[in-house]
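Listed below are the structures to be examined.
Both of the next two complexes hold chain A, though its partner changes from chain B to chain C.
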Partner chain A sequence: MTVAGAFLGGASGRLLPASIPLRFFGAAVAYHVLGWLVLVVAPGDWMAFRGGLGWPLAALHLFTLGVLGMTALGAAAQLLPVATRQAPVGARALACIWGLYTPGVALLALGMGLALPALLAAGGIAVALALATWAILAARHLRGARGMPGVCAHAWSALASLFLLLASALLLAASWLGWDVPGRQLTLPLHLLFAPFGFMGLLALGLSYLLVPMFALSPPPRESTQLASCACIVAALLLAAAAVFGLMPDAARALSWTLGATGVLLHLHLMRRALAAGMRKELGRSFVLVKLAWAALLATVLLGGVLWAGVELPRAEPAFGLALIAWLLTFVLGMLQRILPFLGALHAAAGKRRGPTASMLTHDKALKAHFRCHLAAFAVLALAVAIDAPWLARAGAALGLAGAVAFAVFHLHLMRKLRAAGV
Partner chain B sequence: MTTQTGRMLDEEHRRNLDLLERMERAIAGAPEATPELRKLLGEFARSMEVDIARHFEFEEQQLFPRLAEAGDGAISELMREEHDAIREVAQELLPLAQEVVQGAVDEEAWDRLRLGTLELIERQVSHIQKETMAMLPLLDDLLDPETDGELALEYAATA
Partner chain C sequence: MTEAREWTEDGAAHIDVRGLPPPQPLVAILRRVHMLGAGGELIVHHDRDPMMLYPELAEIGWDAERIPAPLGEVRLRLRALR
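== the complex of A and B ==
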């Protein structure tokens, strides 16, 4: 039986209580609204942001920690037991993690927005404790893993990246508190490397090997290619870190980019084959978003290469940042709109003769509105970057906010339906 | 998938998924029954009535008991529950579908048919997803070549 099959066939034994993943996903939906809202109302030209405390940094962390991190914690807590063929454990610990992480992200973002380092540090410590505890739970699952070596290799690498990103984040927070710590010229690039590409990126790529075949009804992608892709990306991260520390920086960067691009291309090749071999051809709007996210991933790799090669391309830096956020946010929202009703229907059907189907739990009009607004937001933001127009960027953020509100309507509708179904 | 029985069921799943996807595309936003849609609906109704009954009965009589004996009772129980739900929706739907195939129905009945068809398609697709990924791979360990051959012959004879 495939691992996805073990999930689908023996679903009830593999499921965490519904309230656990749903609280993580609910918080992610709320932070999604807040992230765009901050960009709409933040004073000044946030397109000119190049670092430092302020509302642009707060918005960035509302998206990264609030949406991407929160979703990763909830999704991995449910999917890793499936991938490792073990019963889920730690429901109470996960509830505590959520209780620490959710306000921690809010405090951290407020501290950044209001430029209050003490508040930022308090939030940062809460977030770091929550993430470290979650990592221990995830590592316990991975230690007892049976099968799915590709997913497990990605998850182990993501956990290692998580510790590097936490260490760099705490050092950055300490530097804002005025403590004598290693310079930002070391900690910031490491943070920017291991947060999006190491932790979130590897987790997104690894869990795709479970989710995409499950939804497309295709055989699992070849394990050796999954492992090769993971090895390339991990080697790329290590070489990029070596370049940050000044070890043959030019050669290390060139090799890092080549390996990273190879890893990404291998991943996309496996995804394309999974979709082509899948018995389900009509995968709907959610997979349009996932495919666009993969296009944004390719754009991220290309723009990263341009920046590292030192090619003079106007506005390449903000374009790279936008492509990176577009990749992860679009991927997460595409998957989330598929996972939420799927998981909800599994819970709602338990013990019932004719439980609700996934589409009965879905507010399709809200998702359609989100789809249009989300794509329009990123198109407008890309144009704003290209012509350097801050007013247009704010209009793009307003479209993003409208999409986030529509996504929240979809989520609230699903929660109401689940409550009515007795979940 | 190495068993003949598994491959036969898988082949039927693929044909059925193709029909379900065509049906879903055709009926999702259709305001009324066009002649093409009536024809497709007729094919769909026949598939629901004949093929599903045959496919489900074979699985319930020949495969689920064997799965339960081998310790995979949870999967066979889940599949059986889903068969019951699909039969229930199909029973509500078939008379309406036959009315549409034979002539016109009013707007209210058309809406009921459209929504019921979409529900049946979704339940069927989700069920095929579970059988393909969770149940059929188990047949490789469950059926020895002799039993597999006998079951495949028996199933082919009911076609």
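== the complex of A and C ==
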């Protein structure tokens, strides 16, 4: 039996059908294009956005739910069975989740952009149902987990954050509908806390302990340090939430920032060691993006500290928002361009003596164009924030759009190759 | 088990990665493959299908062949493609 035969013959396979993760990743690629497109064509000065319905809020959710959330759902659905050493569960449920989540994100973004609360609420309910169902599937995996306690602790914490995030999101949607619900001064900060740092952040950090050693071919990072980093970040989130509720806000914020920064530094220390110990030294552009994402994470922590400390730094708030988006978006796109050909090669090899390799499935020119445009977009956006130039921000968004189109070309090329290989 | 067990038997290199959490088996096997070089052959004792290994092997021009093994074990012969 060859590679493929061995692969197919195993009862312990932990691969989902190719169509499941690929449909999540495909939707993420499409929403990536849409997110930048909305920023290019949105009327008015979206750099002045400080909340409220409109196209800037829609673009933000196209990136967060459409790109980050969609990728997280697909990646975690495939990676958790690997990490927890179990067969994947719920392939049909995952297909239904995608069927609910994908149009849900579109409706939600349209409702925000057109300022139609009923549309927003309809999309929000679909998204919330999809995420809650996904969380139940993920929890089923985690309950039977064997090994990798660091990854599992991050995933459990991300799931707890997801429920807080969903609760705050539904309350915010209800407030747009004019319902009598707890004030936005409570729900909005909780939403802004548990969406990027709680759900996406913890999931990104946790899955890195599997993905980075896998791609760098290094020993797994020390479990005790993974757990310490996770504990610091969870404690930081809880203290920040306490500050939102007015419990000793100054002390809670200071302690929260210290613990959060410690957790992030521990994580980055483990990542640096994993890369240094890895057999594979040349990790290509994808890991340049991942390293730049880590730099953006550090910038996010520093700017967050500046804002919480009340230091008068001009444009600190938009700079913080930009660093936050740059961290998560750059990390996800860096990992995605590595995961997609790898996953494709796994499936394409099935039933063949010799299937296409991961490097045969990629499209280097398109990824090079994406790399340049993505970095140029964030550099131009940073400059636009610094000098408060809305026209420059739009130019940055146009560069982001060009990068997103290049990434879509890479994805389409991969899908064509996979189809030719019979996947 | 916290580390891979390695030995030579009947002239062939063996590696036992059973019980190791991911991605340790992948890393240990590839490290051994790189040490063996193009003319080598490696028998892998695994407790599951090493899915993540196959694209990595294909990328460096190696192939895996399933060989008979006791119940509960997946045994593979790894060789460079000619």
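To be clear about the criterion, the second predicted complex is superposed on the first by the 411 of 423 C-alpha atoms of A that agree within 3 Å, B and C clash if a C-alpha of one lies under 4 Å from a C-alpha of the other, contacts with A are read in each partner's own complex, and residues count from 1 in each chain.
The definition used in the following text is that contacts are C-beta pairs under 8 Å (C-beta built on N, C-alpha and C of every residue); 3 or more make two chains touch, one makes a residue touch a chain.
Computed from a prediction, not measured in an experiment: that's the story for all the values here.
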item	value
Superposition-derived comparison: chain B or chain C, residues of chain A touched	C
Touched partner set for A:A276, first chain B, second chain C, both or neither	neither
Chain B versus chain C as contact partner of A:L15, first or second or both or neither	second
First, second, both or neither for A:M214, with chain B first and chain C second	both
Contacts of A:T357 with chain B and chain C, given as first, second, both or neither	both
Contacts of A:L177 with chain B and chain C, given as first, second, both or neither	neither
Which of chain B and chain C A:V82 touches, first, second, both or neither	second
Contacts on chain A seen with chain B and repeated with chain C across the two complexes	1-2, 4-6, 9-10, 12-13, 214, 217, 279, 345, 349, 354-355, 357-359
Sites on chain C touched by chain A in the complex	21-24, 26-27, 30-31, 34, 47-49, 51-52, 54-59, 63-66, 74, 76, 81
Complex interface listing, chain A residues touching chain C	1-7, 9-10, 12-15, 82-83, 85, 146-148, 210, 213-214, 217-220, 279, 342, 345-346, 349, 354-355, 357-359
List of chain A residues in touch with chain B within their complex	1-2, 4-6, 8-13, 214, 217, 279-282, 345, 349, 353-355, 357-360
Touching residues (chain side chain B, partner chain A) in the complex	13-14, 17, 21, 24-25, 72, 74-75, 78, 81, 84-85, 88-89, 118-119, 122-123, 125-126, 128-130, 132-135, 137-138
